[in-house]
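The two complexes that follow have subunit A in common; it is paired with subunit B in the first and with subunit C in the second.
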Partner chain A sequence: MVSPKKVGNQTIVFENGPFIISGHTIAGPMEGQGPLAASFDTILKDTYDGEMSWEKTESKMLENAMREVVKKADILLDSVDYILAGDLLNQIISSNFAARQIGVPFIGLYGACSSMALSMAVGSMLIDGGFGSKVICSASSHHETAERQYRLPTEQGNQRAMYAQWTVTGAGSVLLSDSGTGPRVTTATIGRVIDYGETDVNNMGAAMAPAIADTIINHLNDLKRQPDYYDLIVTGDLGSVGLQLLVKLLVKNNVKVADNFNDCGVMIYNTEQDTHAGGSGCGCSALVMAGHILKEIYQGKFKKVLFIGSGSLHSPTSSLQGETIPAIGHAVSIEV
Partner chain B sequence: MVSPKKVGNQTIVFENGPFIISGHTIAGPMEGQGPLAASFDTILKDTYDGEMSWEKTESKMLENAMREVVKKADILLDSVDYILAGDLLNQIISSNFAARQIGVPFIGLYGACSSMALSMAVGSMLIDGGFGSKVICSASSHHETAERQYRLPTEQGNQRAMYAQWTVTGAGSVLLSDSGTGPRVTTATIGRVIDYGETDVNNMGAAMAPAIADTIINHLNDLKRQPDYYDLIVTGDLGSVGLQLLVKLLVKNNVKVADNFNDCGVMIYNTEQDTHAGGSGCGCSALVMAGHILKEIYQGKFKKVLFIGSGSLHSPTSSLQGETIPAIGHAVSIEV
Partner chain C sequence: MVNKNLRPPTLNVTPEEYKKMTAQISPRPTLIKNVVLAFLIGGLICSIGQIFINFYIIYGGLPKLAASTAGTATLIVIGATLTGIGIYDDIVKVGGAGAIIPVTGFANSMVSPALEYKKEGYVFGIGAKLFSIAGPVLVYGISSSIFVGLIYYLLDLLR
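== the complex of A and B ==
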């Protein structure tokens, strides 16, 4: 049978897409020095924030982002049906331990840096499908926890490649609701795993660009839309190298790329901050989406936004075993 | 607002719960010597199955379980809307690489050993909600990949605790469909993260039992059911130690425990196989559910089954940093 809410190959059109009734962001010190600082609710003074390990700091940030997004919406935690969350750490411990503290039914997701978009896509399905009325969608990353797990401990002070991205320290949450006012999630496009054979784990942008192109092309084709339908088409965290590759891939596929394209990884840091190709990590798009973009939507600057989270689906083990880097892009559209 | 399909605190009642139209299982050599061997579709002759690493073997098992479950249902891969899968490896690489080979839109889940139940719960929501008509739900684990990641490489031949469980080598898939005949997923209870302070990573059963008790109690209360409503109440993989603790917790909470309770970790090995407290790992409940139990349902032996997947949500890093072991239980009921 044909799924009643599916259009084309991959896209869901929500009949009763949830309202995004609040967003909350907690940023690291470096992110708090970037151009979007004014949009973050809390900026940590240091990377530990009083905890004994960076992993504990990351989980606390995520927990606080979950608690605060609910408070901001002026509802009780008891009325939240699900937490959907993911992060980069092995066994997604940041999310697991945050969810333990909150006590709400929990669906753990793994989409690497696409986790924020994935949580919003699945969360919207849970609400539109009638399975819940309030869903917390969250993601986090921490520069120090991610770097030592994926690459090298930051204490070593290793030289980074100029095309490498800087893992963001930050956590963001949005609260989806079946009732309210304001912007709604109107469609979702769940991505396929795409792998063009990139093997350089310092070049996440190149690994992810083909997957994002695939999702954007399918999204537009499924809905018979042109890119100018949206005020903003914002990718998760391709960074400057990945964004250039994405544009090339889209142009090659006859997608009209214009000034309405941007990338969370490009937006989050100033060039003077010396992050090289920009930001990455689940916290990057979580901060930019739940902070900057959501505020711009609330303020009426953007009315139609397409947000495509991008995730690299490798692990250090898979890379050491000679595997290439598979990637995925999940998209949600947000409209007022 | 009240969610139309939610009953009580945590339970979803499906109006159009999906049919489980096929199941497929691929078991490791040791699992193929156990009491459920006859229910597995394929039994590997050795733990490598021709691959250069155990991680590659695990991903290939999972990929094959996904392909074969679709073939068995006599449908085309193109008609499948989503893959929902999870595994134990860092960044769920087994699932990511399997999904890359299949090419179907992919939602990565992390619920540790509860992944099979979690994928069935979320998959049922996607179908009941009208977001898709065919969903592959899968999970896998491999004894050697899990042991070296979580504890010690098996080549060291370390002595194991008598209350430790044996990570199962195996992959299982079920195909959920909006049309068909036979058993349907009728309810789902998404679990909360529960932590009673267990710190011994060799005692997963003790860490998980409280979370499973919580989910079972909430499921029964939400639906105002007694355990005898079900022909079989089967937990994911508590093993013999965890199952005893679960029974104690349930009895303490006035739940009538009878002969209809069992555990996938207890069922999968003979006591002569010297696994100590039984099986564990995502592949354990994936094999027992998609193999043995589904066949018994198809054959009419069971008409009403409650399946509760159990997951420990720690990581080696969280344990080394002194954290206790949080756990979760997700339940689905399957009825003919």
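== the complex of A and C ==
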């Protein structure tokens, strides 16, 4: 059977791409001191925000981001067909627990830090396929919950590598709708798992760059486009090291890289904040996409944006057993 | 394990070439700065320890060995307190190994899991995870001291 909406290797061209009718972001205190602070709807005063555990805080942030994005669009929660969400914690508890409070049909996704792009890609498929008319797409991460799960106790002293990234505290949501005005998700390129043999869990930018390059090359190839088709090509959380490697890889593969490339992990912090290679985590691209970039699109600054979420698909167990780090990149194009 | 047989188009870079690119681009640790700071902070912590030991000898009237034990205990209390109020990890960020190797660093590695995993309960939280960082240090520290002691004992027999 022919798939009328699939083009080339791995790209989907939506027939009736959904409208992104609203976005909502909740950022942690450190992100609130960064250069994108003005684009966040809420900035937490401390990392607990009145909860007894950081896990509870993360889940609450995500729940609020889901509720507020619906309120902003001025529709009722009952008219939402699905919530698609993902996070970094074991068994994606932040998303599960947030969806428990909301009571809308829920599909939990795990794409590691690519979860925001993945949720937008799958959400667009649901709407374009006629399976629903309103979908909430969300993702979250919390610096402290990620640290205690992936690395060390938060008060344990250590010196981080210069190429290490800082997990973002934040949650972001966008609401996709089959009707409305404004920007639409027009295409999606689902990534494949790429592994170039990186084993250093502190160098996630290096682990993820080949997967992102692979997705970008296939996206451009499937659609017969050049990078200058887009006003902005923004990756999820490659950080400064990963972004440089991505550009090198693309240049080697004869992709014409212009200055329209950027990375959410590079954008979210100031260099004075001393995060080393920039931000990471599901919340990184969720905050920058649903906050800063969406606002710029609404204001007409960007008309065509390619957003590629980058996910590093290892676990603490796999790294201890010496496995290399597989990674994935999911792309969605947003056009006005 | 790296990918094999991907459908084209694929990246025209081999994993070996990519490894070289990564090594080129990834910033290296600021080695000289780290070594100097580790020396200064480590030296400072040990000097403070020495001040306590001298204090216990001169004003506490303790014999030298007991004073040194009391000085170590004092440093442990200080390290644990600084961890509890959230300062010790900032000292390590600057001092590196200079702040990890002294006994204050050991206190930090005991107190930080205790703080961290309290939320998972006293048995499977604190109880199970208290030694998650210090455990390896104890296992290999004690093992190697037994090993060295054994060699010392055997050499002593030969004399």
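We adopt the following convention: the second predicted complex is superposed on the first by the 336 of 336 C-alpha atoms of A that agree within 3 Å, B and C clash if a C-alpha of one lies under 4 Å from a C-alpha of the other, contacts with A are read in each partner's own complex, and residues count from 1 in each chain.
Everything below uses one rule, namely that contacts are C-beta pairs under 8 Å (C-beta built on N, C-alpha and C of every residue); 3 or more make two chains touch, one makes a residue touch a chain.
Bear in mind the structure is a predicted one, so any value in this text is a computation, not a measurement.
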Touching partner for A:D81 - first (subunit B), second (subunit C), both, neither: first
Partner chain(s) touched by A:K295 [first = subunit B, second = subunit C, both, neither]: neither
First (subunit B), second (subunit C), both or neither touched by A:T317: first
Partner contacting more residues of subunit A (subunit B vs subunit C): B
Which superposed partner A:R151 touches (first subunit B, second subunit C, both, neither): neither
Partner chain(s) touched by A:R67 [first = subunit B, second = subunit C, both, neither]: neither
A:R225 touches, of subunit B and subunit C: first, second, both or neither? neither
A:A99 touches, of subunit B and subunit C: first, second, both or neither? first
Which superposed partner A:S53 touches (first subunit B, second subunit C, both, neither): both
Partner chain(s) touched by A:K252 [first = subunit B, second = subunit C, both, neither]: second
Shared subunit A contacts, counted only where both subunit B and subunit C touch the same residue: 52-53, 192-195, 323
List of subunit A residues in touch with subunit C within their complex: 9, 52-53, 148, 152-163, 192-198, 203, 206, 210, 213-214, 217-218, 221, 241, 244-245, 248-249, 252-253, 277, 323-324
Residues of subunit B defined as touching subunit A within the complex: 1-6, 10, 12, 52-53, 55-56, 81-82, 86, 88-93, 95-97, 99-100, 103-112, 118, 122, 125-126, 128-133, 178-179, 190-195, 313-318, 321, 323, 326, 328
Subunit A-touching residues of subunit C, taken from the complex the two chains share: 1-3, 6-7, 9-13, 15, 18-19, 21-22, 25-30, 34, 83, 86, 88-93, 96, 99-100, 105, 108-109, 111-113, 115-117, 119, 132-133
